[in-house]
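Below are two complexes that have chain A in common, paired first with chain B and then with chain C.
Let's look at the complex of A and B:
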């Protein structure tokens, strides 16, 4: 997969475009018309979601996509760019969620509480990530993965046991600062036919935070530092011999990735006004993240946008779609059972297997390869 | 007081189980000199290199760069002290282009690796430097090719390019011409000659080809079964009975 992406990179080197969009995207443009189009559609829909869709469910789906774009992009920094397989990513996601939830529940619904919760969560995540990263000093990749699994499991158990602080299995519900509540109306008049309320402000806070941090991550993977991470992924032994301290770089990548995941967790908690083990900490979310990275395309970062959008949409609407299908097919034997809404995971699994076989480089890898062959041919 | 040798090993030893691969090798390498390390296959030459550059940790003994003990440092730490190594088995970044491979080495030298928020493609100075080095090893036309698509000889040249890009004080070449076609060998030998002619570099060269050793080396040391068995001027060492027997005898029979 890395081999197929290499000529694409050299392509950008031959003609580096200058301009604000190139600066914003750290000169790592999508490099495929189809990919650019898909990204523009997704980002536009997300940016205009409150104006395009009515009702609370579409807005919730859009908010969830924003959160997962950030979460998946931060995981791709580890998996796709540095070649680190960590299972502790949801732990950092959870720390962000719990930081916000505990602070707002204990200290009351104010922006100070949000700040305290976020800063404390970021500090805890950074320390934990640094400690886990430094453990990779002497252990091999597979053991590192096992260690992350063990630590993540321990934290998940801890979160459900310390119910006095975390709310245990029930989680924590809390009040948001007044400006983010549905009753808050910053403008007397509707804008573009939409009455702006605190809920929409909350959505834009999530959208903008996720967008800015995504661009920061894009900059990091396209920086000299980011290229060292790729070198480590390609040949750690040689990177070390060139004078790069592999452990230090890996640890730094882990810390950056963990902190971005923490922010994503905090954003999700703020949107849901709730945090519990199932929303941010569960291992099934870890698997979801892996699927989104692989579907979108490892080591591309743009894959995070496509992977997260597709996956969250499927999660939210596949069941509805299948319910309708099941209805129309009623009377025919077996078929209605196959598309029964309860089977949605089966279909998602099949889709996943097919996509991995058909597009080993993920959707982004596939589109870039196609774009290049058109360019040449 | 005399300035310390650029590189020194004191009693350097490594054991793998009961086997002593390098046994109590003490040697000083002076600035500006090119030392060839010869010996039959399995004599411990590459192991000796690995001990010096930090890929292996010594069971006993010390490695000193310019008089300071670096035995406790890893490969990256020793590279920062000015030690550069080209590998016998080509050891590159297979998925990155030739230019990117060299840029990584240039960037390490420029200590720009910790720059997180600048754009890698905006570092014109580093790119230009990498282009110059690719020019030197005659790989400019293959700058956007990944090593996996390069011929063996070109991979070896790229390996040398990475070493030059690091601008080390001590150059370690491990059979730089091994497996190269005859017409490609002169390019690499000229590069080594250039490095030597600059006069301020310390060069260690593991090489099998006696004509190469004779033309480049100021001094030859001979390893045999992990022991340093001869050390001196090329002519004298090659003529010595111990070398005729231990090295050239074996060499002749392995080629015969």
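Let's look at the complex of A and C:
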């Protein structure tokens, strides 16, 4: 049936407690100097983004990275740890976004409406994920992929059709609570040369929420529950034979992952002050998530940080580079078309295929392997 | 001695019993909606439209389900072949634009046949490459299959953008295939009738090939038990590659039909219709061609009827049909025995 022919991954994680940082990371440390360094650089840049970069464009990029780190990490719980492919992750992302958007638009800009929208969205996501899981994971894992694809596309069309509720193709714009608006000044004096306003508070809200939930997910995958998920990934039959109810565990994983994605969608909507089909629901975002997970590294949550950072930066800045390349190559047939700024996805797609074949662990897996071989000799 | 010769000796194997219940579903659905629609001519129009759509979905889905049944490969990049087949019509329509606008049924049909030939040729060639480069290294691992074929889909869609441009391209339907046949107050669009004809032709050709020829016997045996076919000395790999290529070519054929039906080309059109294709092969039972046919017609008819009766529900109706079928038969209408 779905027995994978890949060699079983070895569980060499050491479970030794090494102080508070190790506790914070649930004893699942990066285990590679290069990887730790990259992660520290990315996290520091994100944490200090408002102070390091001026202007709204870099701050938006940083906020987007934070949201996608959470989204991709929650997807990795399904793909990398449980070994099931869902195409409905953007659906939950969208439910979060629409929950916030509809609540804030209808109930007015207050924290109560944020709470109402978030709770309603979380409940809807959890129920949907459980129903889809119980209906499709019962038979074969491959059904799950196809059924999630079908359901997600139906929901996407539904969201653009029910324009009375969702704003249709135009989406919904809304006002934020006063504390998150640019005009809000919590401090009279600038801190470290930067005047703090509501926009920066909103950024830190997103950063902290994403960071906390990331650590929670790290805790989940390193818990006994997470170990069962990995056992199911490696050998479904054996896990079932050991007495674990595979369907229940897979469904639970898909519910947890869906709820984290819902929060990510809510955060994105709060940052953009807008939600529409193209920002959270479209199939192209699903493809982006897949690219980020696989290039960053499946089965390691740290891959989510690297994948999301790399992808969002590429999305924002690679096109500029490719535009320059396209101009220098003009005159040669076909080549300028291939490096046309709009074709950046072509190259990431190729990188994706190469990753699946050559680096199944993505960037993180590659760095860890290199680290280990250095230690040995 | 003599009575032994007189008694007819039963040499043929017991015939496989046909599972009638799913087959009855389609006419039951069609007849049950007649009073709801209330108007015979509208009902005929809807049914013809549904059948035409069902045939096109069947063309696109049949290859995928066979490939899955035979080799346990699920190809999420199957939509690429649909898009490619659709774009291949441009290769023919470009130089032969005069044939499309000519008011001659012979020239128009010749053009359609040429388009189909070009599309099937192109998708067959790409199918060989796709199988070799993308699919072959990931046998036996569903997770990697899904990921890699999605990667192939991304790259191929972008390649279509690079070659033909990113903006939608209009495709004119050949002159004599436009408009509709009007019988009394029953209106049937001509192109849909042609689509039904081609779909039925392919379905019966496939049935004959699968049930009446040696290759078909091997394919069916391969679906049941590939190891045993291999042990008997047949090269299951070669069989599989040819089925994969044939499936790709069928998707290309479906793509041509779909392109003329929609009258515009976009690189994403394959992936859009793939959603329906997946629903259909889940309903039919993964690996079953007959189930795929019944599923296609069922889904397409349902979509058309519901679209007429309650337009807002049309999108959800497919999911609803799928959920109901899965509750009734978790493996699909015609479960394939092996898995």
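We take it that the second predicted complex is superposed on the first by the 325 of 377 C-alpha atoms of A that agree within 3 Å, B and C clash if a C-alpha of one lies under 4 Å from a C-alpha of the other, contacts with A are read in each partner's own complex, and residues count from 1 in each chain.
Following the convention adopted for this analysis, contacts are C-beta pairs under 8 Å (C-beta built on N, C-alpha and C of every residue); 3 or more make two chains touch, one makes a residue touch a chain.
Computed from a predicted model, the values in this text were never measured in an experiment.
Chemist: Return first, second, both or neither, reflecting whether A:27 touches chain B, chain C, both chains, or no partner chain.
Modeler: The first partner, chain B, only.
Chemist: Using the superposition on chain A described above, determine whether A:85 touches chain B (first), chain C (second), both, or neither.
Modeler: second
Chemist: Tell me the contact category for A:234 with respect to chain B and chain C: first, second, both or neither.
Modeler: first
Chemist: Looking at A:48 after the superposition, I want to know if it touches chain B, chain C, both of them or none. Which is it: first, second, both, neither?
Modeler: neither
Chemist: Answer with first, second, both or neither: which of chain B and chain C does A:219 touch in the superposed model?
Modeler: first
Chemist: A:127 contacts which: chain B (first), chain C (second), both, neither?
Modeler: neither
Chemist: Check whether A:242 is in contact with chain B, with chain C, with both or with neither, and answer first, second, both or neither.
Modeler: first
Chemist: Can you tell me whether chain B or chain C touches more residues on chain A?
Modeler: With both complexes superposed on chain A, more residues of chain A are touched by C.
Chemist: Let me check the overlay on chain A: which residues of chain A are in contact with chain B and also with chain C?
Modeler: The overlap between the chain B and chain C interfaces on chain A comprises residues 2-3, 5-6.
Chemist: Enumerate the contact residues on chain B facing chain A in the complex.
Modeler: 53, 55, 74-77, 79-80, 85, 87, 91-97, 99-100, 103-105, 107-109, 112-123, 126, 143-144, 146, 148, 162, 166
Chemist: Report the residues of chain A in contact with chain C in the complex, numbered from low to high.
Modeler: Answer in residue numbers: 1-6, 79, 83-85, 135-136, 138-143, 145-147, 149-151, 153-154, 157-158, 161-162, 283, 287, 290-291, 294, 334, 337-338, 340, 342-343, 345-346, 348-350, 352-353, 356-357, 360.
Chemist: Would you mind writing out the residues of chain C in touch with chain A in their complex?
Modeler: 74, 76, 134, 137-144, 146-148, 150-152, 154-155, 158-159, 161-163, 166, 271, 274-275, 278-279, 281-282, 286, 312, 315-316, 318-319, 322-323, 326-327, 330-331, 339
Chemist: Report the residues of chain A in contact with chain B in the complex, numbered from low to high.
Modeler: Touching chain B from chain A are residues 2-3, 5-7, 9-10, 12-14, 16, 23, 26-27, 216, 219-220, 222-228, 230-231, 234-235, 237-246, 249, 256.
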